[in-house]
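Naming follows writing order (A, B, C and D), and every chain is counted from residue 1.
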Amino acid sequence: MYVKKRRLGRGVAIVGAGVSKFGSFSDKTSRDLFIEAFNELKQSVDRGIDPKDIEALYLGNHIGEYCEGQSLMAPIIAGYLGMIPKPATRVENACVSSGVALREGIIAIASGLYDIVLVGGVEKMTTLSTEGVTDALGSALDALYETPAGFTFPGIYAAMATTYMDKYGAKEEHFMKVAIKNHNNGALNPKAQFNTTIKDIMNGRIAKAKQKGQPIPTWVDEIEFLKDPKANPVVAWPMKLFDCSPITDGASCLLLVAEEVAKSFTDTPVYVIGTGQGSDYPLYEREDMTTILAAKFAAQEAYAMAGVKPEDIQIAEVHDCFTIAELVGIEDIGFFPSGGAIKAIEEGLTARDGAKPINTSGGLKSKGHPVGATGTAQAAEIWLQMRGQAGARQVPGKDISLALTHNVGGSGPTCAIHIYERR
Amino acid sequence: MYVKKRRLGRGVAIVGAGVSKFGSFSDKTSRDLFIEAFNELKQSVDRGIDPKDIEALYLGNHIGEYCEGQSLMAPIIAGYLGMIPKPATRVENACVSSGVALREGIIAIASGLYDIVLVGGVEKMTTLSTEGVTDALGSALDALYETPAGFTFPGIYAAMATTYMDKYGAKEEHFMKVAIKNHNNGALNPKAQFNTTIKDIMNGRIAKAKQKGQPIPTWVDEIEFLKDPKANPVVAWPMKLFDCSPITDGASCLLLVAEEVAKSFTDTPVYVIGTGQGSDYPLYEREDMTTILAAKFAAQEAYAMAGVKPEDIQIAEVHDCFTIAELVGIEDIGFFPSGGAIKAIEEGLTARDGAKPINTSGGLKSKGHPVGATGTAQAAEIWLQMRGQAGARQVPGKDISLALTHNVGGSGPTCAIHIYERR
Amino acid sequence: MVSQKEFTDAAFNQLLGEGKLMASRCKKCGALHLPPKPICVNCQEGNMEWTILKGKGKLAAFTTIAVGLPRMIQEGYGRDNPYCSGIVELEEGPRISARILDVDARNPQKLKVGMPLVVDFLERGEGENKRTLLAFKPV
Amino acid sequence: MVSQKEFTDAAFNQLLGEGKLMASRCKKCGALHLPPKPICVNCQEGNMEWTILKGKGKLAAFTTIAVGLPRMIQEGYGRDNPYCSGIVELEEGPRISARILDVDARNPQKLKVGMPLVVDFLERGEGENKRTLLAFKPV
């Protein structure tokens, strides 16, 4: 695969970030969620930001049509932020909508058109039933050839999992270990939808059974709990409930500025030194169904632009919409060789205190996955980790100066990867 | 209104354009339509283009979720064009989706990231009933405060028309004259959905009545025909059937390249010298409901970047999703003063042989309005007119060296304006 | 306690259900926001309070719709029975979209921009789906 | 005349309705495209011909789905009655997504990547909505 070495006209830095609480909020609309994230962003800009100085908005949103009957959402959000008449654009690339919004913001600053750009994403999913969400997210598959075959979004990742199991000998336990790790991190993230470990969920169920005088489950550890189909029913085999990211309401945003003005906002900007985006066919047309070409291409582009290698990256947020996706993802970004993710999860290399901490935020699995908001929420976690502001989940013993986000859309037809530097 | 004078890092030119036939095509999907446009684009590049050299796709699409159950459409289209693993991004800003895709393509080239970018749009609308389309397009209104009031998309423009009538004394006849003019142009455009004049439609009805032995209508001219509620029923008063653009399937695309390589594709590139985009509130929140601030802001930005004035522009494609929109549009782009569009249409100034020809393509009204495809289809008309390739509808007696497109999303919460130069 | 509600669509609708048309007012610059906004669009301040509107205003823009939204077709409207939607400018200044009731939607020429209107509240749906819609009618 | 059809989804589905699984083949480089593509993804050529596939292949990837699409729920599937969707690699090379029939979807561990399959055609809907879906089943 030939990757052209690309250069941006100007450097770009993140000087503020905000994330709403992730969860299920029946009385909040997309607008309310985005404002919540934006209010946190305003607080996060060390020397402050006047919203009137923001020159453009790129907004990621995936299924606003299904969830709120709302298209053309970007100018509506801009209106609530007081940004009229500045340009506002919605980017829709399924679960990488705000990852691509971030990329478009970077490109727009690099073009010389703007100095200060707001990028972000929002998704209000809990207005729909599980069936409704399955239908809505299913729109990201190939509507002509995948959905007629009955594939759902979890189903297509499950199919990927069966080829991965067949080719590399992965077992269901390996997927479970990804979920356990990410819940361990999410338990330390107050914004997370599931702000608790799987062990605590298990112990909670045992306590509840005791309290209610019901038969007491005999799970000895989390793996046994996750192997119990009553506790962890199949969604699309081999993906079970605890392999799947939840249905989430949430929003996130970042303030991007041209590198030369970054220091007027903060002493510790986070520079975006690499951006890559790629595309791939639907799963059935891919030469190798255990990898995502869009991610490999995006990663190579981002590494080439940043002038760094996978081994230089200290932490990453990786798109774990399903547990199989994290295993494939950490291989696609070159952290581990093909099939090597199995050993990595077995040996705890991707744990918060491991060699390559992955998803310190809790990942999509535990933090929640408001699809359109996920890309910029990943970057917001990197922002905190790089500035040493991640609180209880701050990676121990590492001064983070190079990090990466890996954000995938749909089953992998699109992916955006960004590399961040703290100087 | 303060407009910053913005500069792009590099110049951008159009070196190819393609438009599918517009109409109702029951056996064609979005993919088929886009390929049809792309095949024409390939033919239009004077020295040829190898699709493998295209570095990115920006695709405008508005209601693919409603019409085909398809989100994440951009990489699917990229797959059919042989562009994998190149980045592909969907932009959704309602009816200005591909107008903004064009802008994003320009910005991306200006950033230095790419030299060759495909931008375009597609909409496959006729899978839905009129009621279904009304619902789908209605998603571009404010779903919380406009649709609960019963507003439809034609309805919100109709409301704008009542304020315009009240403030400037416009009559229903003025709207009708816009439709007559645009059909006169569309009759000369073989790609147009309604490739016929309103006079011919009227005469056809008279002939049909004679043939069937029915009472013969006594319309003496097109205005009388359009005033007959049987021939031209109200959709949302004062907007009637012939004030509304139709439900259309279609696609369009442009090949953008960096200015410095343009001449290696053609001796007569069309340079994009100005781009502007703006946002506005929903109609009810606007200070003046007879104008669209998003358009005024976008126009001022585009004029400032291009260094030209409204009086310099020779022709324009203006967003006439409804006839009132063209009247407001030609004022917003500064061709006529506020309320001056009335006199302009009365005096034929915007006819094909007038001082300021507007919508030589037939406009959205006659050519058709596949919403996501409209922005780049407008630019494709300019491409033809500037190269003298518009055939029977080529503007007479003018060598077009400066032109403009005005593309509005929804009821006006978003607008993109581009200015083109032939050197 | 109206004044403690967040400035959300949910709160606005709940207040409509109580027969109250309320806006948010910026405590700093006094700007009124209808529908309510939690951040002042005028001065970017986030310090707002609820304020009740009298519900008197005039028609600022309107249409009578023959090809309606699915929900309106379900209410019995259609090509032969159009409905009126409008934008109302309230005495206090802000404008809002609303259903316009008690007018002859078949004769839109008789409706005039500027005609005085008074607020009404329209109940639709049952049980969990019950919702109050904002409407106005001639004085 | 199959060979004169455009290389569209509509044609592919019509052919499925006739019991034919057909791909488009590039006349220049010989690449097979399933589902059919009108432009060769391999060499960018637009000169294609229809070619019929034998309908024999093997299971390349699969899942058994308990939380299904609305249309599958309407067919009676659900948490207690999962269905199988898969990707089938045909003898001629291309892969395609399809319903997998006649397997025990409650025991997915018994299904194996590589198991041989043969094409089947599943009719769904009535009248205008009638559609033939691509399916495979064990040999």
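In this text, a contact is a pair of C-beta atoms (placed from the backbone, for glycine too) under 8 Å apart; a residue touches a chain by one contact, two chains touch by 3 or more.
Remember, it's a predicted structure, so these values are computed and weren't measured experimentally.
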Contact-graph separation of chain C and chain D, given in steps at minimum: 2
Distance from chain B to chain A - Cα centre to Cα centre, in angstrom: 36
For chain A paired with chain C, centre-to-centre distance based on mean C-alpha positions, whole Å: 38
Separation of mean Cα positions, chain C and chain B [Å, integer]: 32
Of all residues in chain B, the ones touching two or more other chains: 29, 31, 79, 84, 138, 142, 144, 147, 282, 285
Chain D: positions in contact with at least two other chains: 9
Contact pairs between chains, per stated definition: A-B, A-C, A-D, B-C, B-D
Residue ranges of chain C in contact with chain A within the complex: 6, 8-11, 37-42, 44, 46
Footprint of chain C on chain A - complex, ascending: 26-29, 31-32, 35, 38-39, 50-52, 79-82, 84
For the chain A and chain D complex, residues of the former touching the latter: 130-131, 134-135, 138, 142, 144-152, 154-156, 158-163, 166, 233-239, 282-285, 289
Chain B to chain A touching residues, read off their complex: 1, 4, 6-10, 29, 31, 55-56, 62-63, 65-66, 68-72, 74-76, 78-79, 83-94, 100, 104, 107-108, 110-114, 138-140, 142-144, 147, 277-282, 285, 293-294, 296-298, 409-410, 413-414
Residue ranges of chain C in contact with chain B within the complex: 9, 35, 60-70, 72-73, 79, 82-87, 94-99, 108, 112-114, 131, 133-134
